[in-house]
Structures are given as C-alpha cells and as structure tokens.
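The same chain A turns up in both complexes below, where it pairs with chain B and then with chain C.
Up next is the complex of A and B:
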C-alpha cells in the first residue's frame, strides 16, 4: 500500500514537470516567438540590445540569445523557485497576480461541483426509486433540457434577469468596491452575493447530467440480488437505501468526477469572463487579449497544478472509500 | 500455436463466412440487413428520444444543405432594416441585427461549418479513444502502463485553456482542424473507461479461443473486442460532438478563435457586445443563436440517450414485451458528459 502512495505521489511531480516543459515549448511556438514584438518595440525606442535582452529575460526567465537547452534549464529553474516571470500588461509578478486570483476560481469550482453531485445524487436516486412515475418523467425531461443548455447561455440569461433587470445581484466582480478585503462579515456577504450567479449557472446543467447518470446506476444496483436479500432480511428501507444502493451507485460516478473536475476548471475561462469574475480564467483571457504571454502561461500552469492536485486527493481518498480497488495492476499481459 | 495460420488446405473453420455454409449470399445479406439495420432502426424509431433526435438532426442537416446550395441569402450588413423583431417582416423571419444583417442568414450559414466541426471532433476523439483503450486493455502489461500514463498526463491538462493556447498558436481556420483541436484531449477519459471495459471483455471464452488459435492481435481487437464496445462508443460519439459545439461556440463567444467562418458564437458575441443584454428591442439577436445551440444539443442528447436503448439488449427485449427486467446494462454512459 505504501508503495502505491509513493508511486502516486511521484506521478504528481512527473506530471507537473511534463506540463511545465510543455509550457516552455508552447511559449516558443507562439506567433512571432517569444517577445519578438516587444523586442522590436524596445529596440525602436532606442534601448540598447543587451538591455532589451536582459529585460525580456526578466519577464519570462528566457534569454533570447542563449542556446535552447540553456533557456530550458533557466526556465525550469525559475519555475522551481516559484518564479513565473512578470506580467507585461499588469507590471506585477505573475505569482502575485495569480495568488490573488486562484482562491476565487477554486471557491466557485469547488462549491458548484459539490452542489452538482449533491443535487444529482439526490434527484437521481429518488428517480430510480420511483422509476416510471410522473416525478421520474418530469425530472428526466427537465434534466435533458438543462443538459442541452450550455452554462454560458444560462450565465448570460441569469445575468440579464437577476442582475440587469431586477438588480438583485451584482453584475461583475468578486466583491463590491467599497468593501475592505479582509475576513469579516461585510466581505463574506459581498463575496457570496457576487458568487451566487456564477455558481448557479455553473451548477444547473451539470446537475441534470449527474442526475441521469445516478438514476441509471441506481436502477442497475436495485436489480441486484443482494438488494433483494437485504429486503428479505427485513432491513429498514433507509438502511437499504443508504448502505446498499446509494453506496454502490455512487462509486461508478467517481471516474466521471475526475473528468468533470478538469473540464470544470477549464470551463471557468468562459464563465469568469461573462461575470467579470477575476479568477484564473479571467486573467487567462485578458492576458491573451493583451499578448501577455508570461501571465497566460502562468495561468495555464496554475490551473493545471490545481487539477493535478485535485485528482491526486480524490484518488487517494477513493481507495479508502472503496476497499475493492486494488492498488496495483495484477493483470496478465498478452 | 501459430501453426493454424498456415493450415489453409483443410476446412476453413475460422473464417467468419463459414458460419452458415448452406446459405446463399442474398439470404445472408438479408439476414445482416435484418439484424444490423432494420431491427435497430425499428427499435430506435419506437423510442421517442431517438425519433426526436433524428428529426432535430435532420432539420439541421437541411439547414446546412440550404446554406451549401445557396437557397438563402448570404449575411451582409445593411441588407435589411435595422432591429427588425421576430416575424415582424416575413422576409426576415428571425429579425435583423443592429447593422441590418438578416439573423436567419447568420444562423443558416453557420450550420455547415458547425456540423463539419462537430463531426470531425467526435471522430477524432472516439477514434483515438477506441485505439488506445482497446490496445491498452487487451495487451496489458507494459503497453497498458505506458498508454495509461500517457492518457493520465493528457487528462491532467485542463481542456479549454489548452485549446485556447493551441488556437492562438495555430490560428485554425478550417472547421475540421478546429474540431480536432477542441477535442484534442477529449479522448483520454473515454479511452480509460474503454480500457476498463476491455479488461472484462478479454476474459471471455471466445477471445481466449481466438488467441489460442493464433489469430493476430489487430484481428482479435477488430473482430472480438470492438463490436462489444460499439454501444458505449456510439453514445460517447454523440457526447463528444456536443462538447465540440459547446466549446467552439463558447470560444467564439469569447472572441478567442479567429472570426473566419460564421458561427453562432460569433453572432452571440456581437449581440452581447452590441448591448443586446440591455434592451428588449435587441433581445432576439441574442436569443436566435442561443436557440440554435440548444436545439442542436438537445437533438444530440436525445439521440445519445435513445441509442443507449437500441444497443442495450435487455432494454430491447423489454420493449418487445418479453422481459420485465428493469436493469440497465450501461454503467456510466453519460458520465463523460461535460460543460
């Protein structure tokens, strides 16, 4: 077992290392190469070439005149020390920009994903119990219609109704301007108010999908012999529902959860733009529009690291929840 | 074990067309047609989901055809009065935008490239997933470990940000290339779940029989393994297509992708930045692309849900009224549903 944990932990580092190398490659692939534009601009302003190179090296930790392997080592070395370069458009270190942005994104993604699963599991199991009833048909219909609405459409409509027309909720930002950024009642209230719409629009459609998946799983579990036996043994309905059916029906949704987490973290790029919610996704797009490559790559890297860690935690806890999961592969090779 | 491979003089008992030697070709064709095409179609049509799904998709195909054949005017600025409402002028049934562009033309002329894009993306995602999933699951051992580590790595990269960076880097204008880029990492999760299915399928007796007879690995995978996966793959094909549409419209909406082709997302973006959110007189500008997106996605979901029934043998007999089984075979069709 210890062996498994060690291997799993090692994989986290390998993955992060590979993704970091990927960003290095992508920086070089970007149109015009690293900072051709900026370099030309500075040279035209009469800044000496040496100084220009030094300034660019400071921005992305890449010296344009060094050989490729040297650039790679410098880049990775800087990353290792937590230096993601400096944002061109904001004039701040990328790390400090992202450190203030990441909590918002993680908050929204975490809360909405938990909601998706709670609502989905609850509705799905009720549907399975009353399979074929009017309730089942109604929820299935609603789920399918909700699934066919992309979250950004929900977001735009919700923004239109609740923020612009009724004015109940703020239209943009993470907290109101006048509120001090320290932990206190006004801050929390303001932050919650600003997060209601993003979370709501990010939850609705996905919850419908999870409800359908949970319904299918539960119906399958309900048909199993051990559920019949549990009934014959005279166990209470509540016990059967929670210990026998729900547990077995929820487990297959786990693989889906890992995938979902990745897609949802990525999806914030669109979500945060609509609500001008200054999280990671928001900065990624604004960096993109400003040709701010260090910030863009830094955001990409941080989102990836968040995902890798999330999956890691889920993986470790999963083997605790489901004792059947064997940590090693014992399959014979053909 | 390889000797049977060269043993071609005896009765060819391995060949698949020796299963019914006293059958003529036309009879066999008819049987295949009955088994593979007619029965599934009847079952599919009997389910309202697939019926609606097919009708909706057919409608979009028709729209694409109208656009390709040029039966509807091309969108251009000032071709009509500005801010016409829905059905206000029957020449422009969906109304017009702030710059007097016919909205119906915008919607219709976006359809061909979107259909092309979602098909390309879905073919790419399911194709790679089937290839990697079956190979890893069937071969096991080192091949399995390598392929799965690779797909774990791909899964660890969040989809949309990667797509955005690739889109900026490559600046794709061809809808087929765009579809592939959007689904560039979609196969990883699907490949993983296909692998776990293959792990159980490969323990079946007939697979073992093929192996002891010395049938080559590609042939076993193609003949014995992949047919068992088809239901799951078909359902996920539909979901992959839907993801391409959601993501592409979303990215066009953000203005990340180059505006080289018409897309509902482009219309949505112009409507959004044109202030359609603030006034009722422009609401239809925002609504038309939204309805187009939701319609296509509804069609795809219904088709996916219904396909599940077609391929699910237990449900099939239940429809014929022979069995009361309520169990659903499919564990997690739709789990890979996203966005």
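Up next is the complex of A and C:
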C-alpha cells in the first residue's frame, strides 16, 4: 500500500519534470525562435541595435547564445528554485504575474466546476426519478441544446445581452477600477459582479452534460436489485435516495470532477479573453501574442501541474470513497 | 386445496401489465400451511417470480396485482395484504414475510458494509438495534459464517455463497414467519446449492419458518419441500405433497417435466425434452394453456380451461385427462429414489 502511494507520488514529479522539459523544447521550436521576433520587433520600433542586444541579454536567466544544453540546465535549475524568469512584455517576474493571475482563474474554474456538478447531479437525479415525464424530456432537450453550444458562444451572447444591452454587469476585468485591491466588502462585491458572467457561461453547457450523465447513472442504479431489496426492507425513501441511489450514481462521476477541474483550467484561455478577465488564460494568450516565452512557459506549466495534481488527488482518494477500489489495483488507470 | 391452518392464502391473484392486456399471473389461488415448505417449480417465464412477489405485494411497476392475499397472523387475526396502507405494508414486509432474491450478489448496496444493512433494517422497523444485531450474529453463526468478519465486510469482499447466506440472515433478522425465496441458489455452484439447502432446512426447524421456495430446479427443491406446486404459463397446474407429485403426478406437463430432468438413474436416451415452447403472456391459448404441446389434448382441452380435479390426498391437478396421463405417460425413473432425497423431511409432510 505504502509502496503504491510512493510510486504514485513519484510519478507526479516525473510528469511535472517531463512537462517542464517539453515546454522548454516546444517554445524553442516556435518558428523564428522567441528572440528573433523580439529583436525584429524592437528594431522595427526604432530601438538601436546594440541596445536591443543588451536588453535581450538582460532579460532573464537564460543566455540565448549559450548552447542548448546549458540553457536547459539553467532553466531547470531556476525552475527548481521557483524562478520562472522575467516576462518580456510586462517587465515583471513571471512568478508575480502568475501569483496575481492564478487566484482569479482558480476562483472562476472552481466555482463553475462545482456548480456544474451540483446542478448536474440535482437535475439528473430528479430526471431519473421522474423518468419519461415532461420535466425529464424538457431538461434532456435543454441539456443537449446547451451542450451543443460552445461555452464561448454562450459567453459572447451573455456579454452582449447582460453587459452591453442591459448594463447589469460589467463588461471586462476582474474588479472595477476604482476599487481598492484589498479584502473588503466593496472589493468582494465588485469581484463577484465581474465573475458572474464568466462563471455562468462556463457552467451552463457543462452542467447539461453532467445532468445527462447523472440521469443515466441514476436510472441504472434504480434498476439494481439492491434498491428493490432496500424498498422491501422498509427503508425510507429518503435513505434510499441518498445512501443507495445518489451515492452509487455519483461515485463514477467523482474522478471526472477532478479531471474536469484540471481540463477546465485550460479552457479559460478563451473564456478570459472574451471577458478580458486577467487570469492565467488571459496572460497565456497575451504572452503568446507578444512572444513572451517565459510567461508562456509559466502559464502552461501552472495549468499542467494543476491537471497532474487533479489526477493525483483523484487516484489517491478514490479508494477512500469507493470501497470496491483498493489503492494499487487501480494503479495504472491513467 | 383445503388448508387446515394456512398462513398465507392467495385467492384469484392476477398480475397484469399494459392495462390488463397481458397477464403474467393468471387467477392463481393457493394456500400455504403454517410451518411447511412449499416448493414452486416452473420453467423460465412461467410466472414464478410474480407468484413470489405477489405474496409481499411487491410486483415491480407498472404491474398491477388484483385478487386477495390473505395473511393469518399468529394472534389469529387475518389481514388482506392488498388492502394495507403504504405504512402498514412497509411494516408487514420483512416483519411478517421476508423475501430472498435470485441475485444475492446484487442484493447488497456495494458501498455499504453488510453490517450496515442489518442495522438500517432494524432501525427502519423501530426494532431494538442491539438485540437485533445479537440475533443477526446468531443467524450468521447458524449459517456457518463468522459474524464479526461478515458484518464488517463490504459485499464484494464475500464470496457468492457467503453473500447468499448473509442475505438469508438479513431476511430473517426481524423474525418473520414466512420466508419467500425466489431462485435463491440460481447463481451458485452445485455444492453451494446443496449446502445452502441443508442450512435452510436447519433454519426452518430452528425458527419454525414457513418457506416458499421458487425454482426451476425440480430435483433441488424436492429435497427440501413438504409440498410442491408446478406452474405453467402463469398459472398453477398441479399441487401435491412432494412424494405424491414426483411419484404419481397427474398432469401431463408435470410428468413431462419429470422425464426431462437429468437423472443419474435414467439412461440419457430416455430423457425427454418437452416439444414446443411455453406461451408468451400476450397470447395464452384459450382452454388449457398446455394443450398445444400436450400429447393427450382433445377438443375439450382446447375449449375448456380445466379446473382443479381432486386426484389424490391433498393432490390437485388441472387436467381433464389426469387419469389417462397417469396411464399413458411413463416416468423414466423409479419413484423409490425418494428415500435418497431426504428422509429427514419425511415427518413434516
């Protein structure tokens, strides 16, 4: 058992190490290389040539003229110390950019993913109980329609209607400009207001999918002998609904929840662009546009690490939640 | 079928689906004596499970059960199970009549320990949990299980036979008078079937249980039952004391069924499969439902659905030609094998 946890934990570090190496390699494979473009840009802006060279040399811990293996070792070494270099476009350490951006993204993704599951499970189990009813048909129809509309379309429409037409909610940003960035009522209210539309559009479609999954699971569980036996044994409907049906129907969705949490971090790249919401995804795109490769690598790394951790937690905790799975047997599942 | 001290009397029980279009239990009447073991046999799809479920008014939706299911309590009062309020029915089930299902493997909640099932059952019936759990442990021990280990296990940690025995213990935890078993050994290997049967016999004697044992395995239930009933096409066709039914059955179907049973004593070439197949619930023939497959069928059979004829002591047969059946359809085994089946059940008969 211990052996399994040790191995599983070691795999996390190996994966993260590989991802870091991959980002290092991939970014260097970008056409023209990051510095060629920067150089061209600066030159085009009329910056004198020697100053350009000096700036590039200064920019960060990697010396672009050093051999690749040297750069790699420097990069990994710095990474190990938590130094992701300095953003080219923002002129700030990448770590501090990420630190200011990550909470917003995590907030939006966490809240919307939890909502996705809460709404999905609630609707899905009601549908299963009233299988074939008007309500069931209606929710199924709406769910499928919502699922087939990409969240960014929902986002644009929601933005147009609620922010631009009605003006109920802000159109961009994480907090209103005038509000001080410290924990207080105005800050929280403003932050919530700004997050409503991103969370809403990120929740709607996905919740439909989870509702359908929950509906299917519940109907399957309801057909099981043990539910019928439980009824005959005289258990209350409430106990059967929670302890028997819901529990067994939700179990298979648990791993999905943690995985989705990780995957949806990646989806914020588009979401935050639409709402100009300065989170990880927003900075990733602006880094990409500006060929700001330290920032790019930083955001990419954070998102991947989050996904790896999600799977890790799912693996470690699943055996605690479902007695049929004992850790170690489910080992190489992912 | 004149019962002297019946505990359950089923009268004209019908189960219909599709607003009365299809019958899966067609006008069945049967009385179960107190403390007897009734074996009900029939092939797949003959309505056996419906018969079992009807005793607890537990027909799966959207089936509708009509008729009368009378239950005679220990104190002499009689209730009609179909007239009970939902709360009364909830109490009736498991406290008076309990049921064991075919799939023991799927009768436990996979995410709950076996002990949890016992506790919640006791709580749901406002029983004393400590006393009840002590009884549960005794029952498990009676079934040759290690109570502590079993109660503390999740269902998947037990073998099929252990789950089946635990389920039997669970069904008896509220001390019901009647235990209805629907193919309780279907998913088990032969040795386990045999040993469960022995255990049931011990339990029956120890707790004075009335048992209704539903199966398609005629030799299996013959070892346990005092009385046997044969179902064909959603109705009972013959009811008799066990030895009588095996040795001197009057219904052509019963005789054919006996002849089709694999038997070590009967040479293989004498084993007879029954030609044709049993009717589906939507087009049960008018008249005798077995007539299309019956070698003795006459015009009378095709037109008049036979009532029960008295064909012996406590022996009822729904066949117009029961006498001819006894004469013309030979049994391919010697009736003397009864001695080997289980001499210890003899005194109950």
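We take it that the second predicted complex is superposed on the first by the 298 of 334 C-alpha atoms of A that agree within 3 Å, B and C clash if a C-alpha of one lies under 4 Å from a C-alpha of the other, contacts with A are read in each partner's own complex, and residues count from 1 in each chain.
Methods note: contacts are C-beta pairs under 8 Å (C-beta built on N, C-alpha and C of every residue); 3 or more make two chains touch, one makes a residue touch a chain.
On a predicted model such as this, the values are computed, not experimentally measured, just so you know.
J.: Report clash or fit for the pair chain B and chain C bound to chain A in the combined superposed model.
T.: In the arrangement built by aligning on chain A, the partners chain C and chain B fit side by side.
J.: Just checking: does A:159 make contact with chain B only, chain C only, both, or neither of them? Give me first, second, both or neither.
T.: In the superposition, A:159 touches chain B alone.
J.: Applying the document's definition of touch, where does A:270 land relative to chain B and chain C: first, second, both, or neither?
T.: first
J.: Touch check for A:236: first (chain B), second (chain C), both, or neither?
T.: second
J.: In the overlaid three-chain picture, which partner chain does A:70 touch, first (chain B) or second (chain C), both, or neither?
T.: It touches nothing on chain B or chain C.
J.: Spot which of chain B and chain C makes contact with more residues of chain A, would you?
T.: Touching more of chain A: B.
J.: Classify the contacts of A:150 with the two partner chains as first (chain B alone), second (chain C alone), both, or neither.
T.: first
J.: Check the residue A:7 against both partner chains and state whether it touches chain B (first), chain C (second), both, or neither.
T.: Neither: A:7 stays clear of chain B and chain C.
J.: Please give the least Cα distance, whole angstrom, that chain B and chain C reach in the superposed model.
T.: Superposition on chain A places chain B and chain C at a least C-alpha distance of 9 Å.
J.: Could you tell me which stretches of chain A are touched by chain B in one complex and by chain C in the other?
T.: none
J.: Provide the residue numbers of chain C that touch chain A in the complex, in ascending order.
T.: Per the touch definition, chain C meets chain A at residues 56, 58, 60, 90-91, 93-95, 98-99, 101-103, 106-113, 117, 120-121, 124-125, 154, 156, 170.
J.: Under the stated contact criterion, what part of chain A meets chain C in this complex?
T.: Those in contact with chain C are residues 224-226, 228-236, 239, 243-244, 247-248, 251, 322-324.
J.: Using the touch definition from the top, list the residues of chain B that touch chain A in their complex.
T.: 138-145, 149, 152-153, 155-162, 164-165, 168-169, 171, 189, 192-193, 199, 202, 211, 217, 246, 249-251, 253-256, 272, 277-278, 286, 290, 293-295, 297-298, 300-302, 305, 325-339
J.: Of all residues in chain A, which touch chain B in the complex?
T.: Residue positions touching the partner: 11, 15, 18-19, 22, 26, 29-31, 131, 144-145, 147-153, 156-157, 159-160, 164, 205-206, 209, 212-213, 216-217, 219-220, 222-223, 252-253, 255-256, 258-260, 262-267, 269-270, 273, 281, 284-285, 288-289, 296-297, 299-300, 303-304, 307-308, 311, 329, 331-334.
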